[in-house]
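Just passing along the structure, written as structure tokens.
We just call them A, B, C and D in the order they show up, numbering each chain from 1.
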Amino acid sequence: MIKVGIVGGTGYTGAELLRLLSVHPDVELSMITSRSEAGKSVSALFSGLRGKLDLNFSLPDNEQLSSCDLVFFATPNGIAMESVPELLSAGVRVIDLAADFRLSDTSLWKQWYGVEHACPDVLKEAVYGLPEMNRADIADARLVANPGCYPTATQLGLLPLVRAGLVSGNIMVDAKSGVSGAGRGANVGTLLCEASESFKAYGVSGHRHLPEIQQGIERMPGTGVSPFTGDLVFVPHLTPMIRGIHSTLYCTVKDRGIDLQALYENTFEGEPFVDVMPAGSHPETRSVRGCNQCRIAVHRPQGGDTVVILSVIDNLVKGAAGQAVQNMNIMFGLDEMTGLDFPAAMP
Amino acid sequence: MIKVGIVGGTGYTGAELLRLLSVHPDVELSMITSRSEAGKSVSALFSGLRGKLDLNFSLPDNEQLSSCDLVFFATPNGIAMESVPELLSAGVRVIDLAADFRLSDTSLWKQWYGVEHACPDVLKEAVYGLPEMNRADIADARLVANPGCYPTATQLGLLPLVRAGLVSGNIMVDAKSGVSGAGRGANVGTLLCEASESFKAYGVSGHRHLPEIQQGIERMPGTGVSPFTGDLVFVPHLTPMIRGIHSTLYCTVKDRGIDLQALYENTFEGEPFVDVMPAGSHPETRSVRGCNQCRIAVHRPQGGDTVVILSVIDNLVKGAAGQAVQNMNIMFGLDEMTGLDFPAAMP
Amino acid sequence: MIKVGIVGGTGYTGAELLRLLSVHPDVELSMITSRSEAGKSVSALFSGLRGKLDLNFSLPDNEQLSSCDLVFFATPNGIAMESVPELLSAGVRVIDLAADFRLSDTSLWKQWYGVEHACPDVLKEAVYGLPEMNRADIADARLVANPGCYPTATQLGLLPLVRAGLVSGNIMVDAKSGVSGAGRGANVGTLLCEASESFKAYGVSGHRHLPEIQQGIERMPGTGVSPFTGDLVFVPHLTPMIRGIHSTLYCTVKDRGIDLQALYENTFEGEPFVDVMPAGSHPETRSVRGCNQCRIAVHRPQGGDTVVILSVIDNLVKGAAGQAVQNMNIMFGLDEMTGLDFPAAMP
Amino acid sequence: MIKVGIVGGTGYTGAELLRLLSVHPDVELSMITSRSEAGKSVSALFSGLRGKLDLNFSLPDNEQLSSCDLVFFATPNGIAMESVPELLSAGVRVIDLAADFRLSDTSLWKQWYGVEHACPDVLKEAVYGLPEMNRADIADARLVANPGCYPTATQLGLLPLVRAGLVSGNIMVDAKSGVSGAGRGANVGTLLCEASESFKAYGVSGHRHLPEIQQGIERMPGTGVSPFTGDLVFVPHLTPMIRGIHSTLYCTVKDRGIDLQALYENTFEGEPFVDVMPAGSHPETRSVRGCNQCRIAVHRPQGGDTVVILSVIDNLVKGAAGQAVQNMNIMFGLDEMTGLDFPAAMP
């Protein structure tokens, strides 16, 4: 049994971790911390867990966390980097679901997150936890930076084309997210009366997931493959639903003769959580609701040179807690699908 | 392994059965029939099952179904009663998720469903599949009539009071259902543009679940307990959400001195799928979304003699497919929670 | 032109007042105050008003407000009672959309709202602004207490029966509200991810609209008519939609021979904003979305002695801002439908 | 008073026409036809119109329609072209809200709509009813082809850039629509349980609004301006809400020095229904809900050469019925805002 601790368990990412870990056969959930809810039972906050999880929130305490085999951070950005070095020193492995260890370049980190990075040395050993790109490194990692939700859907959608060096010109990422991506904080903008029955873009001038996607794209091409040199344009949108990300990706392909469907199917062959749908498909976000799947369809409309890729995930699962569990499975030598092998809930 | 067939797998009840059975460790899903979709793969219709279920719809065929240990009927009302006698004769056990075997009185059946019952003799041996009332009979049954969604939430909410003979006067059942209760048929009334952002009652003059609830209430009291003799008023409402039933129950209690909280907790002690919440609670339907739980809270506002009971289920799980799997577990001697032991998906 | 001021214009009630008054032909919107948004343009906060209203929020200032003919208070409870006496003295008429002047009994006020009433003398002259009960008094009033949303739908639904002295036993009010009834404050409970795709009761042990409804019922019967002496049970529910209240009312009628449909139609004959629907109807909340109508249907299921009344309004219109404009029209001798004579937006 | 008839009044476009025309001060609604609902009162179908419109559906009859000054067709594609020639001959003016007269090229029509055009001669005189492009021609037209919903939002968003000849390369139109765009037909795909809580693209291989947008773009540039010669890629998406279109437009601008904000503001100066929002804005679809406004914001993210334009409308108003009323106002010499001068309903 893997002894697991969770730091920061009162947001949606933490709640989803709890849901998944409560049925994981190889996990013993040892502690879950929350400054605001310490002493309260977890199921009093999340009534869906009543009868399934008998645990109270406790105050964060590195000493106690040090007895865990693995600690997940489901905290706001900038918290994990304060505690991770000490935990690593104590022999604990860490998966951070926030952004603290996603960007390798500390100046980029400072530019987009507004503070100096607290532990640049530790950052150097962090592995970006996208298994479809970095599986081997994840297995050996002490510290995994769990990817952002938009970056997961987007990088998986672009990986085959960019890795093969087939993209010319710019890439346009038109991404749509359910409201849970904005978190469980009490904000007017995500009230039901503000966010339902409406659709809008946000952050067009710059969103923190942009540098993360750029970094990912730069790392995709193999040796001898021409890198992507165009601009990346990223426009996120708020969609009136709870869960789901739909990334619609536009780029120009260098070679019209390429068999896109085969390229995508080959790239993801054997991947347990990436489903390349049949040619002509339109994946729905509900087809991955509650599960760790990413579904992708690739189109070239009207036989032009623009490729349109549709990539969907559940932002709280493959875009956060599910991918974290997948990373845990890899780190601890378990079958990658352990605890994640169930279908979506439709309708 | 239990060899299972499903008749009528293209509605929401059938889809939910597929979702649950696809991860049930003791079930081999052998065939699923659909007249309209025969030959098509199940996951082409329900993309959430892609990669989890490799099965095609086939035409209904009693001979093939006869090789199953258990057949679920997820058909419209009036279909199962035509085939069930033959299957029973072939040694197959049956759980009908439609209404064909719910009402013991064939004249009531005819009054509410508009046709003569096709097999009154077989009807006599049907067991009403509410485990919290009939567990022992279900275990031995060849034929189980799976309860309706409203009747499940309502009967569980009323059971402690009525069984103890404590209700005087009338019972008012103000019930609210998500739209999936209306099925997957193409009707204008359940279009997103008609049913979202609106709330309405329907069927106030009479709904088919009324006689089912009445029959259930009549069977609740034990020997020597005064039966309920008042009127039952049942008003269902359509709620702008996919899943969930919230039954708000009003009745007058004969004895104000009774400890309602203790009565409810004692009645359901040990029940794996009924959760009596702490005094003062307000259960949310999302706390049971996707899972087989029923959550109940009991109130006596302002210390008056009116008792208000709040009872929530997921209409597709405890109100249909989940309860059917629970019944299957009982019929085949499995742990009742097998395949159903997971928490709700929140948010 | 009526010179109008609004105090507290950043909530949903204030926004709805702005929407209605911006097209009212006899109103000059003179000032709108907000402590938090002072100096900001109204349309920067409510982009739906861009191009329709050129006004900035200002700090509340009784001197400036004193130049108005009429001031609406769309503030939280307990604010208006601090300013109203001074405005009345200055000759301004006032409509308070909060609860400060709804309960005549100051001890009841203190019990439910937790503070002493600031101006019991002024309270005495306040007129409860339900035109269907108090039209004549409203016309002459200096101070109108605009009713609560639940009380509006509920009192209109009960008025014919209670006024005629026909109710015996208890009244059960099972009320459902859209989320905008909870206001525009930043609370976790009304986030889209918490309140959508779910349904729950709240405040079963006691809600502030209960004494308001009780007071209304006590005033309904005419001379010589037997008053209602039973208990009033009020259970509000939160519904996953923005606007709308559906009040389902249960009571026992003393005389089964009464023609309920005729009673309701006669009671509301000539009322511009109450629509008694044909027998057998089920009003939908969307049929009054955005408009000032109340639609009512009356049923006696299965010919029993329980009457079920269905009453729907838009909580922000007939339940708040629309009724306030209706009251203004009455107070200033305008046609009651001025500025309110448009249909619902369906779908 | 303009004597108006509506052919095909049972869909959402027809219902919205009824809502708008019922309060239009210069319109006498003379007849509304429906084959399926003939004889039934309009408000029995659309309860939101109860008390606002006293009219029955009648069978379509060209003779009776010939007594009208103006007939709106709110019929499925391919119906209007059968009747329009006769009505024009009788001196009736026509606005067709379907696609019959939108494409000038009859071979394009046949390619996308699958049937021969029934009246190519009449088609020649049809004016494309986008007032911001064709106001003068609309004023004199006998026959106006009301634009599609996606084409309206998209063309208005592109007009300033394309008219000025500033676009190089391809244009990507990533468009999102509420479900009412799919109509009031009973289809499984638009059931609440299928379309809510999910997001998906559709028609990526080709949607009928693509040639309409292409035709519009070709007509935009003035004399001496270089035309757009790139590819147009159009990807529509279904969004879980009732009303609203959000068109996100991507293109490359030839000259980075251009002041985009000024270009957009100048282009639409004086337009009553196009609102160019301040630089940096993100228009929400709810800011135009129920009203005839189009709101546009223009961005150039990270100072690159990609321009991102955000354009929102209500698909049933500016995208259909509202624009039709605007066209009527122009055709009959009324102030263009008559009957349309009200704000959006928020929340």
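In this section, a residue touches a chain if its C-beta (ideal position, glycine included) is under 8 Å from a C-beta of that chain, and two chains touch if they have at least 3 such contacts.
For reference, the UniProt names are A, B, C, D = N-acetyl-gamma-glutamyl-phosphate reductase.
Values in this document were obtained by computation on a predicted structure and should not be read as measured data.
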TODO: Using only the C-alpha atoms, find the rotation that maps subunit A onto subunit D and quote its angle between 0 and 180 degrees, to the nearest 5.
DONE: 180
Open item on the list: With centres defined by CA atoms only, which chain is the most remote from subunit C?
Closed with: A
Open item on the list: Need the CA-centroid distance for the pair subunit B / subunit C, whole Å please.
Closed with: 39
Task: Approximate Å spacing (C-alpha centroids) for the pair subunit A, subunit B - done: 37
Open item on the list: As a quick test, compute the distance in whole Å between the mean CA positions of subunit B and subunit D.
Closed with: 46
Task: Residues of subunit B whose C-beta touches two or more other chains - done: 12, 180, 184, 193-194, 196-197, 240, 242-243, 283-284, 286, 289, 347
Open item on the list: Touching residues of subunit A toward subunit D in the complex: what are they?
Closed with: 169-170, 172, 174, 176, 178, 193-194, 196-202, 204-206, 231, 233-235, 237, 239-244, 246, 248, 250, 252, 280, 282-286, 289, 299, 301-302, 304-306, 308, 310, 312, 347
Open item on the list: Touching residues of subunit C toward subunit A in the complex: what are they?
Closed with: 12, 179-180, 184-188, 190-197, 240-242
Open item on the list: Applying the document's contact rule, which stretches of subunit B touch subunit A when the two form their complex?
Closed with: 12, 15, 19, 22-23, 46-53, 180, 184, 197, 242-243, 275, 277, 283-284, 286-291, 293, 295, 341-347
